[in-house]
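Letters A, B, C, D and E mark the chains in the order given here, with residues in each chain numbered from 1 onward.
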Amino acid sequence: MSWAIIQQSLPMFGKGFVLTLWLSFVGIIGSIIVGLICSLFQYFKVPILHQIASVYVEISRNTPLLIQLFFLYYAFPVIGIKFGAELCGIIGLIFLGGSYMAEGFTGGFNGVSKGQVESGKAIGLSRWQLAKYVVFPQGFSLSVPAMAANIIFLIKETSIFTVIAIPELTNTALDLIGMYYRSNEYLLVLVIGYAIILVPLSIVLTLLERRVRYGAFGN
Amino acid sequence: MAEKVLQVEHLEKSYQKKHVLHDINFSVAQGEVVTLLGPSGSGKSTLIRCLNGLEVYQKGTITFEGQKIIPTEKNWQQIRQKIGMVFQSYDLFPNLTVMDNILLGPTKVQKKDKATARSEALALLKSVELDDYANAYPRELSGGQKQRVAIVRALALHPDFMLFDEVTASLDPEMVRGVLTIIENLANRDNMTMIVVTHEMNFAKQIADRVLFLQDGRILEQTPSEQFFTAPQTDRAKVFLDSMDF
Amino acid sequence: MAEKVLQVEHLEKSYQKKHVLHDINFSVAQGEVVTLLGPSGSGKSTLIRCLNGLEVYQKGTITFEGQKIIPTEKNWQQIRQKIGMVFQSYDLFPNLTVMDNILLGPTKVQKKDKATARSEALALLKSVELDDYANAYPRELSGGQKQRVAIVRALALHPDFMLFDEVTASLDPEMVRGVLTIIENLANRDNMTMIVVTHEMNFAKQIADRVLFLQDGRILEQTPSEQFFTAPQTDRAKVFLDSMDF
Amino acid sequence: MAHSGISVLLEGTNFMRLLGGLWVTVKIAAVALIAGIILGIALGVLRTFKNRPLRIVLRLYLEFFRVVPTVVLLFLFYYILPKQMNFNLPADQLATLVFALWVGAEMSDIVRGALISVPKHQIESGKAIGLSRFQLYWYVLIPQSINLEIPATINLATRVIKTTSILLLISVMDVINIGQQIIEANNHTYPTGVFWVYGLIFLFYFLIDYPLSWWAKRLEKKRLERENG
Amino acid sequence: GNSKKSSSNNPSSVSQIKKKGTIRVAVFGDLPPYGWVNKDGKRVGYDVKLAHQVAKDLGVKVKFVQVNANNRVDALNSNKVDLVLANFTVTPERKQVVSFAKPYMKVSVGVVSPKNKPITKVSQLQNKNVIVTKGTTAENYFTSKQPNVKLLKFDSKTQQFNALKNGRGVALADDNSYLYAWSKSNSKYTVGIKSIGPKSYIAPAVKKGNESLLNWTNKEITKLTKKRFFVSDYNTDLKPYFGKEVKPSDIVLPTK
């Protein structure tokens, strides 16, 4: 283990770290938006769109991100559709994350108790009002644990971007190992890099989850 | 006889394979208090839920204030503003304060002026001795208090008709009285028309004008209250009444 | 006075910051039936759970059949075979049949011969009219039936002492009587020593030899049953008794 | 042109080779799941004990496998373990080990979650008839938690299967690696082969995972229906 | 005593290999014509043939471990393989971490690009994307000597060539010999820069300290060179894949 080696590599890892954060951020925001849209289609049973959303969710959830990326990056250009590597990564992450988020939201909405829905109906709320004042506010809180798990999951999935030559954290480490053969040092920095992002996040999200479970909505 | 507010004719209801209500016929007059008694599983909740459009029924008609109800979700939504309902599980919205729970109907559904609605709500809360709790969240209230708020929430829409489904069943015994008193006042003082499902026989005796006794999804008897509790028409009702006091 | 089966001295119990039981002192004689009354939150459940080692208490001693209990989980495990307990929520094990629920204690804890245990269990089931349900799963039973099985499960260990904590509180009114009858038989016919927490005043009247009235974690009075229900010593108990019948 | 590319799959033994690669993938996933589930059940039970040091150690184990991406785990084990600890395994066995440890960590959380969600009353009822701690787990808690665990475990299985896709990075001859060999070898004759080979692999994964997900969903739905009456 | 102990601990010593009856050799799986898997699923190529010969001369069976460029060193160091025959170019950096035997091939970095937009000078690459594989001499060369060239770094040869075909970079840099082979079967591309950076050699590699196998391999290479093994290997496994611009002497070392 050599400090000098680690120090020398820090600028490169720094870039990878920033890129991992940035791609995760964009991917997560995109996933939440896509997930929300899909879960709304499903909640309101919008004709056609809700079936499309279901098919999308099944395809996305049941195939590996790596193959999704290979497709986007290597196979699509063959039929004339080409995106840059980072765009491919983001599209892939959103394609994957969108379905996980959709399931999370849908689970939350469905988790709102029947009693709540009926109470809302009993005071004459319309379907939209019921969604707005009862189902969505409670459903979002219920979906926080799932969201938390998804966020961590998606950040970790960015490590797979290495296969399409995006110089994020993992790619940086593998590249340095390939050039300078100091796998101990580089892997250590790599693990620490992920820990810096994920450990605090994991703690915050656990606390959030606990609050949702025990606090707010104990009737 | 006074004007019929509600009339149910030949109502039939099944859950998938299970036939739960058989040819239900009865009516409720203006200002009348009907209690629905019967053993567990006899269909009391199902019947009362049909009257508010929370269950889909397969046959029969319900006529409310002279108008046959066409059972679409849209129509029911209109009618529910006139038929208040309170459930066993005080289902206040946990994400809203007591006041916002109450205001939701008047301001969002009936589009009432917020200030007016609020002062009305406060008056109602005062009448159930909960005006101090207007800004509390449901989780800060006891079961009895929650149930009283749930009643206020229903009343805030100025319904013509109220449905109560075992509203004290999940309360601690000492909390029961406060809630029942409120319903009693509604019946006797405000002359509200209502259908009450309850297992509290003393309470039923006290407020009911008429008793519908249900068994296995059929109305076995419809008897004026005094008569029912002293000399019910059917043997089944006798057994039922006997079992209710140990 | 008859032999003291259970003696509680200076018992104190807190949950984190909350002091729930204050200096509890009482004893139960062989064959005696004590009912524990008191408003919700007064500490009835907590007290009765301390007697079975389900709660850790901070001070005081419990003496059972002449022996001071050293409150380790291991000791309690032994003692629990002699002190049966039944709870409000009929907690049968949903993954086991009625028979297996009952046999678990005798065969696995007491290592009794399976055949003997089984025929004993059947006899007990018969006595509560449930022998037809030996192979049913709990989910196929009504609440009253489940609670009767729960009692049988406790009795199958041949306890010297029984604790009942509001065993009818979550039952449908019509189911209550069957369960109470069994406890009554246990008290009057089998002369079982027991402590019963209940909100059914008529039932309490009928079986109790003595009433302990709890309020805010203190025993306010210990009065022979006849006297308690007609002329309780404390005003608080009077108010309580009044509230119990609407 | 795109149509002719599909015949790359039928060329020579290509299709059988891809199936062979899939078998490697499935075998690694299956063995890892079986071993990991057993490990996870044991750890999950231990995690419900009150022993603080034990709980902290197991929690750290879980968090490590949770926080570090699986790709990185693979490299850690692939490179570091043999050098530091003189502990060496062929790539596919090593991958199986890593996946099993990962499954064990995730599974321990599933099991713990299910165990602590068995109602407290059930534990007390068990204690009240004198059951020892072991008996309590064996007759009451574990059987009752299984319904909760099964859907989550199936979902974990689908994740593990999907994650096997990264095995190509440590030179396991899995379906993707074979796919790349085929793309390379046929690249001249079938320029669009890449589309079809990846397409088929995509389909393979979907065909394995979709029925599992569907099954998990159905079990979960049934369980909820049972619980809500 | 120490050295003896370490050599008996060495799982890759000649005696251990003979005892196990198998030699584990790292090769590429997607680099025609050096190490690849043909249409029938057979491992073939110039390096693979050498591996077979080595095993034969050791009197053991061969077990192939497929590697990518960036894990050749660690495959040795973590005892995954005994010998690397994966187009492993000798560089000063690598010499510090593994032991190279005598070289068996000549090589230098070349640059391939589309014929319609050919790259013929390094200056054309400034601030452009150039595709490389992680852990290759090409990557090393551009990283250290041409910092203004943007590199897209891939894990495997399949990925890098696909990326070039998808137009993800203006050119691809790798060892010139397989660029010749690749451009022959991909006629829209040309090796516009035939050689940049220093001439280098390709050699078998063993784990540092594995003197026993290193010595044996050195003798083996010398013997095979004398026997003109590499010439015949060239003729059967390489020549058919190369265009006319490649002469045997560009690749094969002179037989002394």
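Definition applied: a contact is a pair of C-beta atoms (placed from the backbone, for glycine too) under 8 Å apart; a residue touches a chain by one contact, two chains touch by 3 or more.
Computed from a prediction, not measured in an experiment: that's the story for all the values here.
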Each chain counted as touching chain A and chain C at once: B, D
Any chain in contact with chain A as well as chain B: none
Result of counting contacting C-beta pairs for A-E and A-D, higher pair: A-D
Rigid-body rotation angle, chain C and chain B, from Cα fit (steps of 5°): 180
Chain located farthest away, centre of chain A as origin (C-alpha): C
Per Cα centroids, the chain farthest from chain B: E
Geometric centre distance via CA averages, chain D-chain A, whole Å: 19
Whole-Å gap between the CA centroids of chain A and chain E: 39
Separation of chain C from chain E, taking each centre as the mean of its C-alpha atoms, in whole Å: 81
Averaged-CA centre spacing for the pair chain D and chain C, given as whole angstrom: 47
Touching two or more other chains - residue numbers and ranges from chain E: 71, 74, 77, 155, 159, 162, 165
Sites on chain D at which at least two other chains make contact: 79, 83, 168-169, 191, 194
Interchain pairs in contact, sorted by label: A-B, A-D, A-E, B-C, C-D, D-E
Chain D contact footprint on chain A (complex, rising order): 58-59, 61-68, 70-71, 74-75, 78-79, 114, 152, 156-160, 162-163, 170, 173-174, 177, 183-184, 187, 190-191, 194-195, 198-199, 202
Contact footprint of chain A on chain D as seen in their complex: 2, 5, 63, 66-72, 75-76, 79-80, 83-84, 158, 162-166, 168-169, 176, 191-192, 194-195, 198-199, 201-202, 205-206, 209-210, 213, 228
Chain D partner contacts - residues on chain C that touch it in the complex: 49, 52-54, 73, 76-78, 80-81, 84-85, 87, 89, 91-96, 104-105, 108-110, 139, 150, 153-154, 157
Chain D residues within the chain C interface of the complex: 119, 121-122, 124-133, 135, 139-140, 143-144, 226
Residues of chain E that touch chain A when the two form their complex: 69-71, 73-74, 77, 93-94, 97, 131, 134-136, 139-140, 143, 152-155, 159, 162-163, 165-168
